[in-house]
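Labels A, B, C and D are assigned to the chains in the order they are written; within every chain, residues are numbered from 1.
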Amino acid sequence: MRAAALLLAVALAATVRSATAAPAPLSSLDVQPLPNDSGQHLHVTWTRTAAPAPGTATVILRARPGAATPDLAPGRKLTAGDALGPWTVVGVLEAGELDLTDEIEADTSYLYAGAEVLRAADGAITEASPVTTIGPRAAEAALFHRQRTAYLVIVLAIGLLIYWYVRAARTKKDLYIRRLPGVDAIEDSIGRSTEMGRPVLYVTGLEEIQNIQTIASLLILGYVAEKTAQYDTDLKVANYYPLTMVVAEEIVRQGYANAGRIDAYRPENVLFITAEQFAFAAGVNGIILRDRPATNIYFGTFYGESLLLAETGFLTGAVQIAGTAELTQLPFFITACDYTLIGEELYAASAYLTRDPVLLANLKAADAFKIAAMIFIVVGVALATAGVFDLGAKVFP
Amino acid sequence: MKEHWSDRLQRFDRRWIFLVMGLAVVVPLFFPLGLPAKPDRMTKAAFNAVDALPEGARVFVSIDLDPASTPEIEPFFRAVILQLKRKNAKLVFATTWYQAPPLVDRYMRETIEVAIAPAGTAGYSGLNDRPYRKNVDYVNLGFRDGKGAIIQAFGSSLRLAFDNHADDGTALERIPMMRGLEKLADFDLIVLVSAGSPGAKEYVQFVGTRERLPMIAACTAVSTTDLAPYFQTGQLIGLVGGMAGSAGYETLVGKPGAGTAGADVLNIGNIVVILAIVFGNVVYFAGRYHRRQRGAS
Amino acid sequence: MKKTLPLLFGMVFGAYAVIEFYIPHHLVGSLSDELRSWAAILAAAAFIIGGINILQVTWPKIRRREPDWQYKVVLLAAAAVMLLAGLPWHKLGDTPATPTVLIEAVPGPAHLVVNAPADVTIQVGAVIAPPRPDGARYQADVGPGTVEVKLSRRVPGYRTQLAPITITDGQRVTVTGDPPMLWGREGRVFVWIYDHIFSPSNATMFALLAFFVASAAFRAFRARNLEAALLLGAAILMMLGRAPLGRAISDVFPDLAQWILDVPSNGGRRAIMMGAAIGAIATALRIILGIERSHLGSDA
Amino acid sequence: MTELPFVDVVGFWVATFLTFCCLSFLYKDNPFYKLAEHLFIGVSVGYLIILQWGDNLQPKLVDALFVRGYRALAEGGSLDRWWVMRGIALVLVVMLFVNALSRRYKWVGRYPVAFVVAFYAGLQINAVAQSELGEQIKFSASTIDAPKVDLNSAPLDQLTSLPGGSPSIAEKLIVERARAPFTSVDDAVTRPSLTAPERADLAETRGHLVGLDARAAVGPGEHDRFGIVSNLLLLLGLLSSLVYFYFSVAHQGVIGKVSRFGVWTLMIGFGASFGLTVQGRISLAIGRAYDVSGRTVGPTDAARIHSLPVAVVCLLLVVGGIVVWELRNRRRSGKDSA
């Protein structure tokens, strides 16, 4: 009885097998290293003689050299990452794709194998084509990313321009810089605070020390500290990040030292409030309302709290000077502050203030690059519109 | 002589405006206008990007927000999660905001591990979703600090960035769905729920552009102007701006919620501000005219 | 000397960070990852210094009973509580991740009993056991096989208990558990404070802006000159165009808003972006080349 | 769903109270605001330190150095080069602490600071050069021509990106045009296979300067005139704004005029930004109103919390308190003057 059933089953299985013919092997399999690669990727491509029958999947495997041809016996279930003896399944692709990129160990070469398989509903292999193998192949780690040449050029160009103008500045003094009213206002307002006997509040913005705006702000802080030291006015510095506070302390001390008033320097006036945006805003509002500074200077990166600070400052009738490259906050500073440095003006400020030829040279370099960029854009537009070729896409792949 | 009305209004107590604004926010809660919320082009693009994903796509979701910004983008988050779950997408979550982790945990409990739209959800037309299982259907990598640098690290290796384990301490190699998900480039789509910095902007700057990643972002209304250029250049393939955008997205997904209701209230608030501006200008010009007159006489 | 060496130290890493971008080689990649970790570590460590600074600044004020000193006490106390609640005290005791499982041979179909306090949600397989009025906990005949029992509390801060149960006919399995309370970042107290003190304060401080924006609009948005007029014109159009209201009035508003966003706004923005970018690159180069050194403080 | 524990009910009450404490700032600085402010700052500081410890210092420093190192040695292995690198990080951290705690050896702290600042400056350079300069220049330098999308030949993604378009609509259009090429845009958007809502979406975007008719055609070689004008304006806006940021010349004469146009562009941008921000900020207030009025919790919880009555009570508490405080101030100032 049972034997009969078994026979029947075998017979059925046989008919099923004969019904679905084994798929044809891959007509070709190739493995190539990728350009501009970290040395951890290989690009596997293959071709078929005919379009794959529906339900056909391509299995790609990888192994160290010396491995025997993998055995894709019926009944196996394969998913990417599985081990098959010495072989590792790289991928099982259904959609009839013709390539994949494999991530591998660096500085090691691999064999690759590929085959077409038919699978049952549960993913188990029912039929497999003969296996095509190739290799060994190893990835190539590039030492220069060709597609990024343009950016290197940009950086080098700016660098060289700085160098060039620094030399120019050394030879001929006083390069012209257009006026920045916001910056001119700083010293007057410090003077005003002195007359009113009220402190100056300086906020270094809401970004870490690594943020360029924060750095620009700290550069200006040096100058402000020097002035307040000369005028003998209290300077309170509110910091959002402790690391910024550490640096701000150094800078303020130096400012006082430059003014020869190191004795007047009080480290407890350089505060770390907290690094939670609105707790910080609340804290600074507290300072504005209770210490009543006559000058509030907001230089650096600011976010939502900008208006919160500026409006509170406006209430206390303080002179407010703001500067940020944070586009979204500029309108609020513009509406609620007396003076606002827009975007790049913030970076220009330190140069403008110190009149240090090196810094001025820096500005000049930036300006020169702007011209270059504008020319590039105009030419690019002209060429592209004329349909000659797409300069932008050529230069920045 | 008697002070001109415009002068008096010039220095009238701004706290009256506060009061009006307060009413404008509270009253409509009880008497809504019921204006329909329509998606704008950038929102539609975001929706289409998700809609075009294949079944079981692998999606990286970065939840960079704090409690303050939830009203604006949480509605989008709920909507997009529903849309992704309907596609059985494998989800990987992370955050770069230290204000976020407890919030993210709550989202996992309230939106991922339960069905958002179980059969018979009122006012919902689309497919139903299912509860997701931790480390099977989704992984929460948790929080890492470090602004742009850490986002760049996501781009090169998630394992390194998250010290090789998920938020609940499970080693990443022991999570099957993390197979082949080494870095951001391995995902089919990256969804940025981004309330500010670090967020969508940093993703664009430090990885998106570099790796040509398909990224959609939901941001606060404020950042919309900031990110719009990136949408124009295709560095972001979709952008959902603020509560209005979220409301539009809810409409597209077919499950109106807090966003749609909020956007309705928004109208009144906008009217108040517009009136404030107009009023301010009337006062200003009246005053100027008055001074001219006096100057003339 | 005390300044030159650190400067050189910085210059080396700065220069590396610049060229790193142009070298795809994997060794470079992993080194960069390592250096990023350094930066993250330093930033994190600085927070402890920040805490110390706050203590240094506020403690004297309290001691000298300066005005508002009471609030400073609140500040320090709040910080202390949060720090204490944030430490994983539960690791001192044992917090069972699985409930206790008792298997008895009882004739009849496979029977499952789950005992847990009333406020615990019992989930058997995919089913969530409805809370029973008589206070008795879950018990039912289940088909033989494997089922997962999940004990959890609805509020955060408790460890969810899981127990995979294999049960056959003629067995009664009794699962007894109580999700233990946690401390630390996922802990009950920490999350409570976050949810009910941190979140509302954070959100409300931000919400203040809604009011300030209105008053700023009244005060500052005067069409004094063409620039100001353009500014407030665009603002009003945006407000109409991006809210349902505008579309309700006319379809023109949304399109107009989108156009303003796409054309003039993006034009100006891109300019600021590029200008700022150039400025940033220049400033950064200055630091890396050692021209800029004020962040290293004075030799004094 | 089990019942909400009382502790959390109280939590909601506390939240409501704090909300009004913060809002009282709108009136003026007052004890309630001060309380909320200091509580908030304190909590945030504790919170931050815990998170920084748990997510950075512990895994990246403590575990990486001591736990991993110990394991490596215990297993008789040796410490790899990455372990040594982390060691350097530890040294830098120590230097940072020396800087904060010691006057005499403050200079030691310059090493970590120099590292962080310079390293990030380096990273920024390329990030910015690529996405803020390269990509933007690339985009700006593209053609100002705006050809219409040819419904009869355009690929899927172009059709999808059309106003009112979507992947499904695009696919249907491709099928339809294979069946019979479109004779007009109207023909395209009224084909039978499109569902009613899809047609509605498309119909809505018809007949605008920026709508479907402006962007799509049924033949090649047509141009979107308004699109061209827009592109031109975009370019001019960009260039003139760049001129505004040119520092090396006085803004007079031609330069002055151009930069003036730049300023206009910028101002429109700021206006747009402001308008959007207004929305954002109001949304936040709305969010608070939702929480306080108990709309963000389930009905059963809401019933336990009694949001509205509690809100009223808290409001009265704060208002009453401020009144008392004001009266006290009055009396005091009265005494002073007397």
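Operating definition for what follows: a contact is a pair of C-beta atoms (placed from the backbone, for glycine too) under 8 Å apart; a residue touches a chain by one contact, two chains touch by 3 or more.
Fair warning: this is a prediction, and the values are worked out from it, not measured in the lab.
Shared contact partners of chain C and chain D, listed by label: A, B. Legend note: the chain whose CA centroid lies nearest the centroid of all displayed protein CA atoms is D. Each chain gets a centre from the mean of its Cα atoms; the one farthest from the centre of chain B is A. Chain B and chain C have Cα centroids lying 15 Å from one another. Mean C-alpha position of chain B lies 7 Å from that of chain D.
Averaged C-alpha coordinates put the centre of chain A at 20 Å from the centre of chain C. Under the contact definition stated at the top, the residues of chain C that touch 2 or more other chains are 18, 21, 29, 37, 39-40, 42-44, 46-47, 49-50, 53-54, 68, 185, 190, 194-195, 198-203, 205-213, 215, 217, 219, 221, 231-232, 235-236, 239, 242-243, 258, 261-262, 265-266, 269-270, 272-276, 278, 280-281, 283-285, 287, 295-297.
In chain B, 18, 21-22, 25, 41, 66, 68-71, 98-99, 101, 144-146, 149, 152, 221-222, 224-226, 229, 232, 241-242, 244, 266, 269-270, 273 are the positions where the chain touches two or more neighbouring chains simultaneously.
The set of chain A residues that touch two or more partner chains comprises 148, 151, 154-155, 208-212, 215, 243, 246-247, 250, 274-279, 282, 290, 304, 327-328, 331-332, 335, 342-344, 348, 363, 366, 370, 373.
Within the complex formed with chain D, the chain B residues making contact are 15, 18, 21-22, 25-26, 29, 41, 44-45, 47-48, 51-52, 68-72, 98, 101, 142-146, 148-149, 152, 163, 204-206, 208-210, 220-222, 224-226, 229, 232-233, 235, 241-244, 258, 262, 265-266, 269-270, 273.
Chain C makes touch with chain B in their complex at residues 29-30, 32-33, 36-37, 39-40, 43-44, 126, 156, 185-186, 190-191, 194-195, 198-200, 202-203, 205-207, 210-211, 213-215, 217-219, 221-224, 232, 235-236, 239-240, 242-245, 247-248, 254, 258, 261-262, 265-266, 269-270, 273. Of all the residues in chain A, the ones that touch chain D in their complex are 148, 150-151, 154-155, 175-178, 208-212, 215, 243, 246-247, 250, 273-276, 278-279, 282-283, 285-286, 289-290, 327-328, 330-332, 334-335, 342-345, 348, 363-364, 366-367, 370-371, 373-374, 376-381, 384-385, 387, 390-393, 395-396.
Listing the residues of chain D that touch chain B in their complex gives 26-27, 47-48, 51-52, 55-56, 59-60, 63-64, 120, 123-124, 127-128, 130-132, 134-136, 138-139, 160-161, 163-168, 269, 272-273, 276-280, 282-290, 293, 295-296. Residues 66, 68, 98-99, 147, 149, 179-180, 182, 196-197, 222-223, 225-226 of chain B are the ones touching chain A in the complex.
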